[in-house]
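First chain written, first letter: the chains are A, B, C and D, and each begins at residue 1.
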Amino acid sequence: MASVVLSEAEKVYIMHGVQEDLRVDGRGCEDYRCIEVETDVVSNTSGSARVKLGHTDILVGVKAEMGTPKLDRPNEGYLEFFVDCSANATPEFEGRGGEELGTEIANTLYRIFNNESSIDLKLLCINPRENCWVLYVDVLLLECGGNLFDAISVAVKAALFNTRIPKVRVLEEEGGREIELSDDPFDCIRLNVDNVPCIVTLSKIGYRHIVDATLQEEACSLASLLISVTSRGTLTCMKKVGRGSLDPESIFEMMETGKRVGKLLHSSLQTVLDEEEKLGSARKKVGFLG
Amino acid sequence: MRGSRSKALHDQALVNCQYSMATFSTGDRKRRPHGDRQSSEMTLHLKQTFEAAILTQLYPRSQIDIYVQILQADGGNYCASVNAATLAVIDAGIPMRDYVCACSAGFIEETPLADLNYVEEVTGGPQLALALLPKSDQIALLEMNARLHEDHLERIIEAASKACKDVYAVLDQVVREHLQEVTALLGK
Amino acid sequence: MAAGGFRTVEPLEYYRRFLKENCRPDGRELGEFRTTTVNVGSITTADGSALVKLGNMTVICGIKAEFAAPPVDSSNKGYIVPNVDLPPLCSSRFRPGPPGEEAQAASQFMADLIENSQVVRKEDLCIVDGKLAWVLYCDIICLDYDGNLLDACVCALLAALKNVQLPAVRINEETGLAEVNLKEKTALTVRKEPVAASFVLFDSLVIVDPTAEEEDLATGTVTIVTDEEGKLCSVHKPGGSALMGAKLQDCIGRAKTRHKEVKKLLDTLIKSVEGT
Amino acid sequence: MPLDHRRVPGPEESQAPLLFVPSGAKESEPPPAGAAHRDPTALQPLFEFRRAPFSGRGARGRPSDREPELSLALQEALEPAVRLARYPRAQVDVSALLLQDGGSALAAALCAAGLALADAGIELYDLVVACALCRAPSEGEWLLQPSEPEERAAAARLTVALLPSLNQVSGLLGSGEGGPPDSWAQAVRLGLDGCQRLYPLLRQSLLRAVKRRTADTQEPSEREEAVEPPVVTA
């Protein structure tokens, strides 16, 4: 992770603040920083979204391409995750520097999506065993401001919500199967993202745990619990991250807070996405010049 | 100065570039953001362009990192990168001989066209990328890769440099406005 | 202990003292192999497996059989793909990451050996000419490195090949796809039995089955592979100090007797496996 | 994947025969546990957990499969236990090799790595004990130490690593449809008490190893080779 070096005194200062449920930027232990979400920011993608969470800046592009289904799952499409840590975030990520963090995040994304309920993969199948839709979800990390996993999962959910896959008809002909793309560009299928989970990272500082830690807070937390929560409150992944260890009681507390905060995050995200959807083409595109 | 000390130059700054394209930036998905031949070539061009423009001798034994990240590509990638990098270097307060403005130009049906988009680039035909120091009218980098009759070249360069000067006007105006805003803020 | 100190300070001199009495630090003579232990079929997720311990040198070979289209130029042949892997686990001299020089050299040696010795004929691996053939992925992993890698690898590969059980395959007419019957398994026909014997050159002496220390001290190595008819499958001498022709003949003689020892070991082993 | 020049190349594409077994004719096979080994010490803390290509039941594991995730899980669970501060200029190099996946591979690797660290004489705050759980599909029960077929059919999987005497969870990795937090909490409790039950077993094996080693150093007799069936010694 892009990390910042703190002196002992600063760490103690942050720790005491957290004990009194008051953080350096005035937030409580369970409050998120302001999240800005905007979809359809990149043109030649099937769906895209940009999320700014404090200083963390994430851009996700989803491209739907035709592929052949995996052998062990012949009648399902699949998702491919790729995380690219741009050198703009920190010089550390130049060349192959960002690869290690990139694979770690990509593996976590694979882990939170490897269950039946999050995305209906059968919808992506065109004809079994031969061709299906492959969704390449590419995450671009533009700036690191702490709490990358939450921002990335929100951006992925927004991008999947924004994804439009062109409708395809399979024509049975004597020569074999022809795949005919519908000519109306707006005639496309949308993905149902209700069960797509979002990651909530709870970092343990002193005896309490906080949500949405900034870089400084991450530097003085030895262990954090990463859980992915769906809008219905079920957990699809749980992972302890960091060099320290956690006592069992605090893990159970963290799971409860994570669920509460996660459901709140989902509802507010869904309202924002629906609002933006209602504006349709009239909305003023902010993009990167905002 | 990061990384190995050996690269450090005793009398001038080392310009270190990285050009990478987002995997979703082009029509069909790129497998690797950087590290392929095209990106390394672009990185080299950027490095050469800015070594010509930045007053590197003012910062011996130091390193200037210029990272270009393409989010959406629609032709003229190199030129857009140069213009963006110029603004970034100015914003960073690094002294430069002159702005570096870049523009691409093509030659279709006997008429020179400035600033080709992706469709025009893909149709083939001669293409020229020009990086210009507008005030002193010096050419920082010129790259032309096609068969072209010699006297057409003059007209295409003319079109490209005129376009560069227009870009220069826009960049200059933006920089001045930004400066006024910032000084106004600081002034209060 | 004084000997310990002497051994680390002057390994060469320490070693020469032993050679004078015609024996070695671990009590073996110059022509004696370390105790060889072979354990077959220990990995049930592989189609054939064998673990070989040559003194402390431990090597495990696992074989996985898969389907593939036969090569275009020889449509009635399958594939055998040997790969030797030296992980940092077996000795701190190997670094993690892609295979190093020694691992690649050993893999290439095994590939050439399979080709020259025809231990398994590729035609036996063909299921349907031009359409479907077996690929035998032979992955040899060294678990504990203590010199003489090639002998252990060849023995492990041979034992594993003898242990391979391939499921019966039938081509379903309508779908044209293969159908596998896991209940009915047939053994692989192993035509030849190559056994390797490695020697190291030390001043003017030729020593058999070197440990890692002896390998580091030696100035050259020779590996001779013979099959059951006593024919030579391969003679491998990668540079190092020169070797007299006569000495090479002794090595070949010793390799043949080594072959008998290992053959007896493998036969009793296969009988005991079939017995259970 | 760039062309791999360092390994002997096989055909570009090959499929495991198991994919072509007509459905319904599935077989079950006994699941002996995986294995991992001691670690040489080197410079920079390096945790590596690799699967042997023949360890999996189905297709042969390509070397570039999702290896880093397993190594990272190993590192996350072991780092809290090792007193790295005691060895400022040294490197602890823990590498585990999975020979056969009989289910609960990560848990087995963590236990083995914990024992290996102790056996290597590296100072630990506590021994690491790990336990795997998986949940039967459609809201089923949580099963402790699942075998490979159970793990494959499971809807959710969880691995818990515990420092038993400090009662601290040093590693936690779970995914799949585990349901609401309290079902995961119940799974974690089940896993923790499984670890507590496993702990005395690991201690005994350590004691036995130390006794054996002290026995060796007193009278350095030739240690006879442990012979298991069907093995013949020449």
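Please note the rule applied: a contact is a pair of C-beta atoms (placed from the backbone, for glycine too) under 8 Å apart; a residue touches a chain by one contact, two chains touch by 3 or more.
Here the structure is a predicted model, which is why all the values come from computation and not from measurement.
Asks: Give me the two chains with the most inter-chain contact pairs.
Replies: C-D
Asks: What is the distance in Å between the mean C-alpha positions of chain A and chain C?
Replies: Here the centre of chain C sits 49 Å away from the centre of chain A.
Asks: I'd like the Å distance between the centres of chain B and chain D, where a centre is the mean of that chain's Cα atoms.
Replies: 52
Asks: Using mean CA coordinates as chain centres, what's the chain A-chain B distance in Å?
Replies: Between these chains, centre-to-centre, one finds 33 Å.
Asks: Measuring centre to centre with CA averages, how many angstrom lie between chain A and chain D?
Replies: Here the centre of chain D sits 29 Å away from the centre of chain A.
Asks: Tell me, which residues of chain C touch at least two other chains?
Replies: Within chain C, no residue contacts more than one other chain.
Asks: Looking only at which chains touch which, which shape fits best: line, ring, star, complete or other?
Replies: Its topology is that of a line.
Asks: Which residues of chain A touch chain D in their complex?
Replies: 71-72, 100, 103-104, 107, 110-112, 114-117, 223, 225, 233-248, 251-252, 255-256, 258-259
Asks: Can you tell me which positions in chain D touch chain A when the two form their complex?
Replies: Those in contact with chain A are residues 15, 19, 58, 66, 68-69, 72, 76-77, 79-80, 155-156, 158, 163, 166-181, 184-185, 188-189, 192.
Asks: Under the touch definition given earlier, write down the residues of chain D that touch chain C in their complex.
Replies: Its residues touching chain C are 4, 6-11, 13-18, 20-22, 25, 27, 29-30, 32, 37, 39-42, 46, 48, 50, 52-57, 59-60, 93, 95-97, 99-101, 225, 227-234.
Asks: In the complex of these two chains, what residues of chain B are touching chain A?
Replies: Interface residues on chain B, with respect to chain A: 2, 16, 18, 20, 22-29, 33-35, 65, 67, 69, 71-72, 74.
Asks: Of all residues in chain C, which touch chain D in the complex?
Replies: The contact residues of chain C facing chain D are 33, 35-40, 43-46, 49, 53, 60, 62-69, 71, 79, 81-83, 87-89, 91-92, 96, 98-99, 103-104, 107-108, 110-111, 135, 137, 139, 141, 143-144, 167, 169, 177-183, 261-262, 264-265, 268-269, 272-273, 275-276.
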